[in-house]
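Lettered A, B, C, D and E in written order, each chain numbered from 1.
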Amino acid sequence: MSAITASPASTGPPPAAAPRRHLPFHGDALSRLGLLLLIGFLLVAVFGAWLPLGDPEAVNAGPRLAAPSGRLWAGTDSLGRSVLPRLVEGIRTTFLLAGTAVMVTAAVSVLLGMMAAYYRGLVAELITRGADVLFAFPALLLAILLAAIVGPGAPGALISIVLICSPLMVRVVRAASLSVVDRDFVVAARVGGAGPGRILLVHLLPNIAGPAVVQATYALSVGMLLESGLSFLGLGLQPPSASLGSLVHEGAVYLPIAPWLVLIPGTLLTLAIMAVNLVGDGLRDALDVRGVEVRR
Amino acid sequence: MSVLDHGPVDPAPVEPGRPPVVSARDVVVAYRTGHGRRAEQVHALKGVSLDIMPGQTLGVVGESGSGKTTLGRVLLGLVRPTSGQVLFDGLPVTGRGTARRLRGRLQVVLQNPDWSLNPTLHVWRSVAEPLAVTGRTARRARREAVADMLVLVGLDPALADRHPHQLSGGQRQRVAIARAMITRPDLIVFDEAVTALDVSVQTQVLNLIRDLQAERGFAALFISHDIAAVRYVSHGLAVTYHGQIVESGPVERFYDRAEHPYTRRLIGAMPTITKPTSTMQTTRPVSRREKDDLP
Amino acid sequence: MAPSGGLRYFAGRLVTGAVTLWVVSVLVFSAVHLVPGGYPDIVLGPASSPQVREALRAEFGLDRPLVLQYLEWVRHVLTGDLGTSLGTGEPVSAQLMRRLPVTAELAGLSLALTVLAGVPLALLAGLSRGRFGRGLSRLVGSSAMSVPDFVLGSLLVFLFSRFSLGLPVGGYVPLAEDPVANLRSMALPALTLSVFGLALVVRTGRDAVAATFSSPHIAAALARGERIGQVTRHHVLRNAAIPVLTVLATYAGYLMGGAVIVENLFSLPGVAQAVLNAINGRDYATVQGLVLVAAAVFIAINLLADFAYGVVDPRIRAGHRG
Amino acid sequence: MSAETGSAAPVLAATDLVIEYSTRNGPIRSLDQATLTVGSGQIVALVGESGSGKSTLGMATGRLLASNAVYAGGLLSVAGRPVYGPGAQGGEGLRALRREVLAFVFQNPVAALNPTMRIRRQMELAGPAGREARDGSSAAEALGEVGLTDVPRVLRSYPHELSGGMAQRVGIAMALRRRPRLLIADEPTAAVDATLRAQILNLLVSQCRDQGCALLLLTHDLHAVAQHTEQIAVMYGGRMVEHGPTAEVLGRPMHPYTRALVAALPGEERPGRRLEAIGGVPPVLHAGCPGCAFAPRCPDALPNCRDVRPADAAVAGRTLTCHLHPGEIGDPSAAPNDAGRPRATEAGRRHLDKEQEAAR
Amino acid sequence: AAGGGSPAKGPSGAQLVWGKSADADVLDPPAAGNATSWELLDLTYENLVGLDDGLKVVPELATSWDQISPTEYLFHLRKGVKFANGRELTADDVVGSLQRLIDPATASIWAGQLGIASVGADGDTRVRVKLLKPKTPFVAALAGSPAAVLPMKELKAGTFDPKKQLLGTGPFKAVAHSQGESWTFERNPYHWRTGVPAVDKLTVRIMPDDAARAAALRDGSVDFTTFEVPDSIRLLEGQANVKTVVQSTTDYYRVDVNATSSIFRDDRLREALALSIDREKIKNVALGGVGRASAAVPPAFAGVCDPATVPFGKPDAQRARQLVAAAGATGKTVEISTISLVPMSSPIAQVIQQNLQDAGLRVRIAALDIGAVMKRAYSGKDADFDLVVSWSAGYADPAMDLAWYDPELVGFNKGFVKPDPRLHSLILDGLATEPGDRRTKLFRDACERIAQNANIIPVVTKDAIVAYRSDTTSVSILPVEGYALPLRQLAEFEAK
């Protein structure tokens, strides 16, 4: 659950590539599979709420702990709620939460990472050391401490994901930026009088976008893992809201008599994370972000 | 290209009363390397003085590590001299308020054609960027200025909408030159601007630089380790060795009258292709001792 | 270049580690004290009167300024005293000694599984030329990496308890008591915890091997007519080990997080479980002590990994960045 | 091994070799019927602009091309053993060829050494198999021969602890330890300091001379070539355009490309004189070139240059491939385009034209 | 560790394994505030009195007692009682223990429950206790674990540290302890009841996870355990050799309403809330059918208070909706806080959420851990919450229950309960009144008043679930329990 995925870090901007008019991930069946899956999940996440599946929070919609059947496709939970709409909601919240967290992570880390590369000296030192310290915190323990401080629930999970995913991403962005800041075009821009804002925005940002996007994709999968791990420990989303992780958590007690309560959301969660990972791999290959490890 | 003068470069007559565009006085640059006990200083420049007159190109040659790049950076204000002074138009190039004053008046063209342009920007955006920085040209007028500039450096204005990866190395270097010239700067530093180019393309670009200078009259610092190339574009020449200028003067003297032994060796190491030296003796390895004996 | 270059590299890493640990201590301390509600609230329960709670706060010195409490704590930690549990008065170190073996064994077994199975698999995957082989290794790797440990663990618990497959799904038998039963009780937890690491190692190792194979010195070796086996032995293994080491060090952090879940799932009385309980019980001393130790261990592992890179890759020792 | 030196077969013989790289954007033809012969012990330079196919030819001799390279015709043999074409062997035979006949020196000397292994061990691994292999002294000797002074220290060092020049010397020592018959040096001085270049080239040439090893020097540094090699082959668009004694070819270039190249080279102009650059850029071929690849840039192009391939012809003691110099014997218009040669497709031609337009 | 030293050889006799959900967090009885500690303390410590199966006070260390005046009691101590170290119990031990309990420095939550003014020995075998004011449930309160009798001689001599060790006159003595992991108890050879305990060794395994305890019970690695989650019964259904017993308790789940600083200041909204709470639905959906609807005096004290007849006792969704609309609160958002330490608070909250939403409010649920709840709800200062689903300990006397409703008597609810002088006097009267019809009437009135105020709303009893291996264990479980000790009779459990 820690912010691993160290391999897909990178240096260097995507090299000059001819414009591609192919389908995405040309010749990469697995990544395509991942993309399809991901699109499927996202469709469910976005449009699932409009499907006539019933209210995910309505208790007593059926007998308690009923097995999947023709009427209740995914069975019911311990409050007699239909699980199917809860799964749909779970997919939505899992993606929403992890996605939001990753967007925040990306925004923060890209800015910090670029600054750490552009400004040498104290600023860089502070940023990199800060990242190191965060990195030295065992991830889930950090999340648990945080959940204790801000209380279990989405905000805590969100902050945890950001704090846990940021250090690695800062490093990746910094490494990528470092290889860009000394390039001739940046020096030329500085000589021409361009200020830091322009250099970061116009010259660094687009050139580190590749590694940043790839890393963000991996961060998304880590975020989903973290969110679900926290939820599993009861520190993430609180019922009746559902995320895939909290559904597993809710169902865990009933594993012996109602295994579907765990197995269905568990499988969906695995598939969702896998889809994200596969797409990340595909992006990494497509953007040719080399797997250079980022070291402290 | 028709606008350009195809004739030989005439060393622009130095008007007596005109001050130099940029002048360096006893510039010392020391880099700190290493940390803690291992910290030491590398003197990249050890008291260098020079003037560059308007419309003149000063060529700088020297072996790797002799301080050429550092010299260029110091003149551009990218590196603060450890001691000594760099004056641009009579005022220091580093310090408060210089950024605004110098905006658009200094430009640089660097070595690596792969890295000379931001790969994510269209050519015209790259070329127009210095205009955007100075903010003196209206947004709408920029594109036109870019098109003119591209024509001036011998490129089809239609290339303006391409990305750098769709250009050849020579084309990219031309674009970089266009970018450097668009603000009509007073000084352009060329640091190994043609080193990475193929022979044929290299000469194209060298010719371009000569022609443009004759037309636009900017002052230039042309840095290369290839004395042939430097000699070809410069009015005056300075030879750096171990952070110092060991010999300088008008370019003609570097064809046959070079005095300093190091300079002579530089010229000697450049064999003429029509009269291949039959033995290897002329370039016998320089022993360590001998190297150290040089000033 | 001088031998002291290596020493200096190691010393530098040590200092960095120490500074990091100090910052972590400040963070843990403040985090723990930022948690709303305090130990007295927990112990006395909702029905206690505020006066009684204040009295208890005073008894444990929780009413003093935080800075003082922190300094006191650090002073104790520096003398090797991690403090005593507020509730039971048991020294945190004693609790640690009791629980560490469980977590250490869990982590050790997982790591062993990860390395023993992961490295050969990584090599196999890295060396396999075929499209199919690579695709398969990637699919297996991705899916292994994507199964959350608690999903896998729950599945194992379900299968093994429902169908009595012969391995216990909970409880811990100390190694000293009955080694066989101990191993049996640790098998499923360690397996659960190792799957992610295994996938990680395979994936990283595979990429590293492939990347090393495409580096110029391998081309040079092949150009000298060396056999692929020789080249692998002489030039690939060591070079590809570096990213794997990095990832193994990071995996240590994962192990600690994963341990929380696995210990919870399989009812193992390990450190992670203790931290969770202590946080819930606002047992400050225990939380601080245990988290600090966890961070120290993690930092130490990363230091070890750093040293290992230094050993494996002379460039790093000399301060070059690969 | 040097006993074989006298054998009749040239150490390198390439005839109409065609190599393509398959890429996402279609094939790239990097050798378009390249023909080159290197005799035993000859010191030959192969010059040409970037992308002209030098490295491809160089690496092809050891069948060491990138995995996306496709052999598309022609012959290549090394010391009489076929490498591409009928009878070409792979596996152990190929490795034996690499071990016994060939040696390579690469552009980036540091990268060509294993960064995690001391030089001594690398020298041992690269040395001749058998008895002397473990013998450190022979490694030291080899390093001494290439002019390294502090040999024990070098042996102890890791590659990153050496300067570029030192590393290249180590590379040369490694290459020559097995007494190869053909050494291929691909821009061996591109990564070293200008003042060291001459030393390194000197070393290479003298070592090869001493050992009777043929040297194929791939470079675009005409200055270096002029001084050090006996033979020069000028490559353009994946093809040899002019091949002959160096002094002859550079002193009196006959192919318009060679001529333009020499004329564009700064160094011999008089102060203030202007050099004439070649306009345009070299092509990237996607299929066989229908005519002369240089035609679009050629100031003297004849009407048929663009779509009739010139044939190799012996002219003034050299081999020329140009319609302007059809050769002392034979009719220029008869030579090209015999049925066996691959013909350019329409698409390829169109692409080529576009490329060249873009270059303007 | 408690008991100190390594486990004694131990008699090779019968033994049992108890799967317990949580370890004690405090070992010193007067300071122990949680039932999870009490359960363990009860194995080693004893009190002057105990409880029987009808929640009636019965002799324990005291064989009998006299109420000399409304505020004065005289206890006659049992003879021949010895601590687990073999020393005989003296009146000084009892006196010292009670004095220690009321000493403010001990900070015992039980001091208020007892209301003792002074304690003194009256000879070797009698103890005299004076109260601050008359308190009918005084003797019942003495049965609570915090009022345990400690070996004061050893404590004063410093050879016994009650914070770290257990040493009492109870049936077991602790021989080994790993915090959060396990306890080992052995028979106290000096225990005064013959044949008690029925086993020689008791191992307590701390297993926080319900599923893990259920699994351990299934595979026989524990002999008995308790559950708070009623569905555990279902989890174990059909499992050969595993039996479950539901034990009534005086504990009940309740909803705390912030009547001082939330929108529930408005009486109409509290009424609407009370009318939305459907106790039957909560019982059936959230609690798997376990428990009984409860009012302020739980049904275990039969005949005092019928939840169906108290004001707003019957759910009325329509009226609730009208009230919400009348208060202009339709569409407003309220938050139900659940307590992570109380597993069932979440499902209960979710059912209430549904009902409240039907009444026109929007409802969020937030889980708070106990520390956060203490801070936001029970600090006695300004409350910062809307609703909390919590539970009340009913203990052994209705007067003790009712005290929870009076902010004058208990500080924790000052922050959110609106003072009600009428209720206050009813409760005070109830505390001082002798058992009898008048007392029952007082309780009933209080009960109705509480329902009317809808400031703390009792919901459903929180029954205990005991599960055991019928093939290895024979258990005796009281039908009703008051001090949250479902295994009060543990010493009599036999191993088969």
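Here are a few things to note about the model shown:
We adopt the following convention: a contact is a pair of C-beta atoms (placed from the backbone, for glycine too) under 8 Å apart; a residue touches a chain by one contact, two chains touch by 3 or more.
Because the structure is predicted, anything quoted here is derived from the model rather than measured.
Chains that touch both chain A and chain E: C.
With steps allowed only between chains in touch, the distance from chain C over to chain E comes to 1. By C-beta contact pairs, the most connected chain pair is A-C. The chain with its Cα centroid farthest from the Cα centroid of chain D is E. Note on chain placement: the centre of chain A and the centre of chain D lie 50 Å apart, centres being C-alpha means.
Rounded to whole angstrom, the centroid-to-centroid distance between chain A and chain C, based on C-alpha atoms, equals 21 Å. With each centre defined as the average position of its C-alpha atoms, the distance from chain C to chain D rounds to 53 Å.
Under the contact definition stated at the top, not a single residue of chain D touches 2 or more other chains. Across the assembly, chain E contributes residues 211, 215, 218, 340, 369, 371-372 that each touch 2 or more other chains. For chain B, no residue reaches two or more other chains under the stated contact definition. The residues of chain A lying in touch with chain E in their complex are 57-60, 64-65, 78-80, 148, 151-153, 234, 238-241, 252-257.
Per the touch definition, chain D reaches chain C in the complex via residues 62, 64, 94-100, 102-104, 106, 108, 111-117, 125-126, 157-158, 160-161, 174, 178. Chain B contributes residues 6-10, 63-65, 156, 168-171, 198-204, 206-207, 210, 225-226, 228-229, 231-232, 251-252, 255, 265-266, 269-277, 280, 283-286, 288 to its touches with chain D in the complex.
On the chain C side of its complex with chain A, the touching residues are 16, 19-21, 23-24, 27-28, 31-32, 34-36, 135, 138-139, 142-143, 145-151, 154-155, 157-158, 161-162, 200, 203-204, 207-208, 211, 242-243, 246-247, 250-251, 253-254, 256-258, 260-261, 264, 272, 275-276, 279-280, 287, 291, 294-295, 298-299, 302, 306, 309, 316, 321-322.
In the complex of the two chains, the chain C residues touching chain E come out as 35-38, 40-53, 55-56, 59, 85, 87-90, 95, 98-99, 157, 161, 168-171, 264-267, 269, 273-274, 277, 280-283.
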